[in-house]
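Two complexes, one shared chain (chain A), two partners (chain B, chain C).
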Partner chain A sequence: MKFQVDQDAFADAVAWAARTLPTRPSIPVLGGILLTADDDGLVISSFDYEVSASATTAATIARGGRGLVSGRLLAEITRSLPSQPVDVELDGTRVVLRCGSTRFTLPTLPIEEYPTLPALPPRAGTVAADSFATAANQVAIAAGRDDTLPILTGVRIELDGEIVTLAATDRYRLAVRELRWQPARPDITAAALVPARTLGEVARSLTGGAQVEIFLSFDQPGGETLIGFAGRGTSGERQTTTRLIDGEYVKYRSLFPSETAARAHVATTPFIEAVKRVSLVAPRNVPVRLTFHRDQLLLEAGSGEEAQASEWLDATFDGEEELTIAFNPSYLLDGLGAVDSEIVHLDFTSPNKPAILRGGKDADQPMDDYRYLLMPVRLGG
Partner chain B sequence: MTLRGRASVGDPQPRRDPSILHADIDAFFAAVEQRDKPSLRGRPVVVGGLGPRGVVATASYEARAYGVHSAMSMAQARLRCPHAAFLAPRFAAYRAASATVMGILAGVSPTVEQISLDEAYVDLASTSPHDLSVDDVRRIAVEVKERVRARTGLSISIGAGNSKLVAKIASDLDKPDGLRIVAAGTEREFLAGLPVGRIPGVGPATAARLSRLGITTIGALAASDESELVNLLGRVHGRSLWLLARGLDDRPVSGEREAKSVSVEDTFDSDITDSPRLRTVVTELAHRLVTRLRRHGLSGRTISLKIRLADFTTLTRSLTLAAPTDDQRVITASALRLLDDVDTSGGVRLAGVGISALSEWSQPTLFSEEMSDTEEGSGAHPSAEADSARDAAADGSHDAEHPLRWTPGQDVEHDTFGRGWVQGAGSGWVTVRFETADTPPGPVRSFRIDDPALQAIDEL
Partner chain C sequence: MSVFAEVVGQDAVTELLASVARRARENGDGLTHAWLFAGPPGCGRSIAARAFAAALHCRSPDGVGCGRCHECRTVLAGSHPDVVVVRPAGLSLGVAEARELVARAALAPTVSRWQVVIVEDADRLTEGAANVLLKAIEEPAPRTIWLLCVPSPHDLVPTIRSRCRLVTLRTPNPHAIAQVLIERDGIEPELATAAARAASGHIGRARRLATDAQARARRRAVLDAAAQLAGAPTLAESLRIAAELVDAATAEAGEETETRDAAEAAALREALGVEAGSGGRRPRGSAGAFRDLEARQKSRATRTQRDALDRILGDLAAFFRDVLVLQLSGTEDAVANVDVLSAIRASAGRSTRTDTLRRLEAIMECRAAIEANANPLIAFEAMAIALSDSGGRTSG
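Right after this comes the complex of A and B.
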């Protein structure tokens, strides 16, 4: 194996593939990055039995071949090299890397012990790269971070004809995003539960091109074990697969309240700033209380002998009488940030029932493509 | 020059009056039993767990004469004092008596720090009508004792001094029905002759280490070198003991003493070895914990599991959630997950579930009760296993699930004979003594355990 590659593209591809490498690999080869040079160019890949990643980069191939080296070390080296062509050559059991007057010699890992990367499942359809990245991040914020209940650490992806629905909940809030895509078959219906962190990172890293392709074994309901994504990163083709989370997902659609007793809309940015300010006195996510009056919203935090804060904000409220509801400020801020719109619409049933946050271009029309359902805090005493 | 024997900058400043009271109800649980069961007055009474692994909660002074004391195993207590009345606790009655006593203390000063059901500190300095002379404090203490006796029928011991330490030690010196006021400025003299073990926090282990330095009395401790104590006991413990020994204790009486944690635990009649049964037990403990948590309007973030193995090794595991919760499903799932991390194959003697990092607000979940099936179904244990575990528990020795099990000490009422308490039960018969706090000692009668005329009644 012998090839020459641009430092920028090389470093970017290695960094992308190294992203999912385990910190403490169960067997040493799983900490490796596989370099494959052939007629199609240079492919840089990693696999830890959960997630596989392959990055293709243009390179001048002098001699085809493969080499497996420590991923972490290769990522650090390629990142620190000067912006010049890099020459890489397999020399017996070592990989020699030259760039300008710098030379690195890396021992190779036993390639025969390295697992074969899983093949991509069948193509399910294509989604716009930017909307997919936005949608994945709007939803992934609501996924659980502790693994008490593994299904909650996932984002549920539902493919139904021309609509893709992404949903995630950590029990306390639920984010649901719907977007259009081009399915491979018009009658497609399939669902998968993808680790939220992986999905968010993958979607963000595939915004170099216009489209992202999604691959899923959608023919055997309940039998899917793998989902794949392919698109362009900043410097070439990227494709990745990840194992799905096993288990039945929460029937989340029924969590949305069927009635609305009161509605409000508030300018999003001032709302975010006000929540951040008043919650300065409320460490550890002590609740922020919101009281909606006809034309104004009062935000309060802190109580008793502790520090207190309050702030009035312009708001429009449509309800029988004024309403006080309390939220965990970080959950509220996550939702306000994710509606991704100038105005946020809030729908309420009662102070003890979940509220729905939606974005809107103007005061009259909330948009339904993204909904953030947030359970209020119960104040005791 | 040495600072030995002299207060240095940064030492606590002693209060100028004996303004701190420590009040402690004498032999509390046993005394309530003797009050409500006239035939037991003047006789040894032992209250505690009645199962084979039970532990003594309180022994009456008559039982203490036979060497029975709290925390002793019930089996040991039965050996030492076989003729005592052995009773199960009636917590509702104790809580009611405790609330009355705490109310009386709150009438003396708004600053009352309740330590337990039967023990509290009062800071008299926070209220104006007292001049806080020794005589004034004595008058207040006598008044409290009289009111407690009149309204609850119980005796209470009171100590007063210029610190919590002195007040606490003083209340213990003349028990029962004790009263000891230590004038401010005389506390070093008062403490000097007492053994070091009188200082709360000095157990047998610390006392043994101190005696190796030749220190057996608080006076000797006060005269010792601070650095020597720090070497022996560590910086924090060494320094705090050295200060306490000199009567230098400015810990405030905190009127708003907040619960730091809530926990429940069970010692089992026999070691639990099968894992489904243990899961059921931990699930039940978590449910009890949630009931208690909600009763206080609290929620918590850190959930802990305590497991005592057959060889008495005690393990605790904990995890912290993103937000405080009082959700039974979240707390149960967390406790079960902690249980997965413990090797219980050798058998479990005791299990407990607790919650800390408490808040007065909670973050409920979006999932309603009917959603919980999905949640638990995908959780750690298959439900068939849980069902069989539930069956195993029902077949086993769980008293609460046995509808006609009468407990010694329990309050009952008979359609013909009126109110009384269960003296004993077995072989299908239950023996009841018909008496109450307001009657003379009453007669004993026996009934079939399923006699429809006999009902359990509230403990009040």
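Right after this comes the complex of A and C.
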């Protein structure tokens, strides 16, 4: 293996692949970054058993081949090199880097012990990079964090014709985002459950270009196993695969109430600030109680008789009579933050039924592309 | 060489596992989700579990578990993406580790049709950790196979045990062990036979005795101590012998810990690229990894010390078992420690079966005390006194 590559592009590609390196590699080879030089250029890859990452960078290949070196060390070295062409050569059991007058020698790790990197599954379609990153974040907040309920730690991605739906729930709230995309086949239908923390990070890291391609392992015996994403980073093609969580997902669509008894809309930013202020004085996760009047909203912390803090806010409410409903403040804040719009619309059925939060451009028009369903806290006597 | 060749003297088990793997390959599913590999320490239960995992992943057209294809090799090297091996380094496996494991087990396989999760020493699961695993084993991810390794099925809570298919491994016979030592490790037949016999069916121990002169010397010292204790020493002598045995265990554990810790630190340095040809450069974030390693090593040191004490107790027990064999059968064929035959003979002549049984019991009591965190020296002293009691009085 022998090639020449620009320092900037090299450092950027290595840094991108190094993000997913395990902090505590269970065996030494997993701390490695694999350099593959062939006719397609230079591919820099890492794999931690859950996520694989490959960055392709233009390079002048003098001799094809592969080398496995410590990822952290390579990332440190490439970052510190002067902005000049870097010559890289495999020499026996070492990889030698030369850049200007600097020379580094890295020992190689045993490549025969390195796990097989999963191949990118078949292409499913293309989605706008920015909206995908936004959608991933809007939904990932509602995913569970309890590892003993693994299914709930995922974001469900459903591909159905021209619509991609992302959904996540931890049983206390449910976030659903729909967006349009260009499917590879117009009649596509498939689903995948992606670990939430991975999805958010992957989506963010692929915003260097306009589009993100999605790949999915259809036609596997037993169901899909792997999802892949490809897009542009700051210096070349980036692709990554993530193992899916295996198992049946919650039938979440039936959680949305079929009727609405009352609606309200509130300016989002003042609402967020008021919830923060009111819940600040109460102990952690004491519910925040909302009482909707025709033109106003009363926020109180504490579910008992005596609230510890209260605040009035302008709001519009169309219910028959006043409605009092209580929420976990951090879950409410997550939803208010995620609607991503100036006005938040709230739909209610009753104080004991879930409420639905949606964004809206103006007071009359809630948008349906993002819905955040939030279970109320029962008001005790 | 087939991956099952590593599993010594368990023909019935390897046949079963190979046929299950063959059927699984043909049918695509119908594989039991949870397996319990039960067998005495050193019988090769984790090796059998790993061989089974390799056979399930093997891609060779010539048969399952070829040992040569990339899948087999990476499973055996511990780097296959669809095989997770958990080996408790400390005395127990706790809730935090169990949660991490359950999260991993929930994932779909990467390159294979299944993901295999191997828990070595599953008897070390804490109650909380067992509960966490129970949930995952009750409702396993559709393509995850659990292999739990334990000395006996009863070392696992019934709720988990009842959900597993049991694979029972027996103590491999000394001939099978000697065969492997000769053929695979290239040990002289005479040495191999003696080591296999002395190790009482513990494969790792036999290999150690066959390849490590120091280990042989340590064993011999313990057997000599047993002979001395059986020879009615004074109280002061008994206490001195007890102290020497504990010191020997401490020294052995210390050496082992030092060598292994250094090797691990070197491997971690290599993986993180510390000091690798770049003048002591430490990449960011590596300090945390080294702190983690040190914490793990510390918790393991306690376990290593306990294992060394346990080996000594095993050798002491082996001596008195041989004494009992002579007293019961009168034939020397079944004696394991042939190299100290005259001392065994002497002790058998000087004591009764009841004495010997009482002595074996004292050793088991000491083992239980150590397991329950007793001070090793006090436990060994109590045992030494019981062993040196020549049984003039009636025994209980």
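Before moving on, here are some points about what is shown:
The rule is simple: the second predicted complex is superposed on the first by the 328 of 381 C-alpha atoms of A that agree within 3 Å, B and C clash if a C-alpha of one lies under 4 Å from a C-alpha of the other, contacts with A are read in each partner's own complex, and residues count from 1 in each chain.
Heads up, the rule we're going with is that contacts are C-beta pairs under 8 Å (C-beta built on N, C-alpha and C of every residue); 3 or more make two chains touch, one makes a residue touch a chain.
On a predicted model such as this, the values are computed, not experimentally measured, just so you know.
Once both complexes are superposed on chain A, the partners chain B and chain C clash. Residue contacts after overlaying the shared chain place A:Gly247 against chain B and chain C alike.
In the overlay built on the shared chain, the residue A:Asn285 is in contact with chain B alone; chain C does not reach it. In the superposed pair of complexes, A:Ala326 makes contact with chain B only, with no contact to chain C.
In the superposition on chain A, A:Ile151 contacts both chain B and chain C.
Of the two partner chains placed by superposition, A:Ala142 touches none, neither chain B nor chain C.
Chain A is touched at more residues by one of its partners, and among chain B and chain C that partner is C. When the shared chain is aligned, chain C comes close enough to touch A:Ala75, but chain B does not. Touch criterion met: A:Asp170 reaches chain B, while chain C stays clear of it.
After superposing the two complexes on chain A, the stretch of chain C that clashes with chain B is 128-136, out of 2-10, 128-136, 254-262 or 326-334. Shared contact residues of chain A, touching chain B in one structure and chain C in the other: 148, 150-151, 247. Of all residues in chain A, those touching chain B in their complex are 145-146, 148-151, 169-174, 247-248, 250-251, 255, 285-287, 326, 328, 352, 354, 373, 375-381. Taken in their complex, chain B has these residues touching chain A: 297-299, 319, 321-323, 330, 333-334, 337, 359-367, 371, 374-375, 377-379.
Residues of chain C that touch chain A in their complex: 28-29, 70, 73-74, 77-81, 99-100, 102-111, 113, 132, 135-136, 139, 141-144, 267-268, 270-274, 276-278, 281, 283-286, 288-289, 292-293. Against chain C, in their complex, chain A makes its touches with residues 23-32, 47, 49-50, 69-77, 94, 104-107, 109, 112-116, 118, 147-148, 150-151, 153, 195, 221-226, 243-247.
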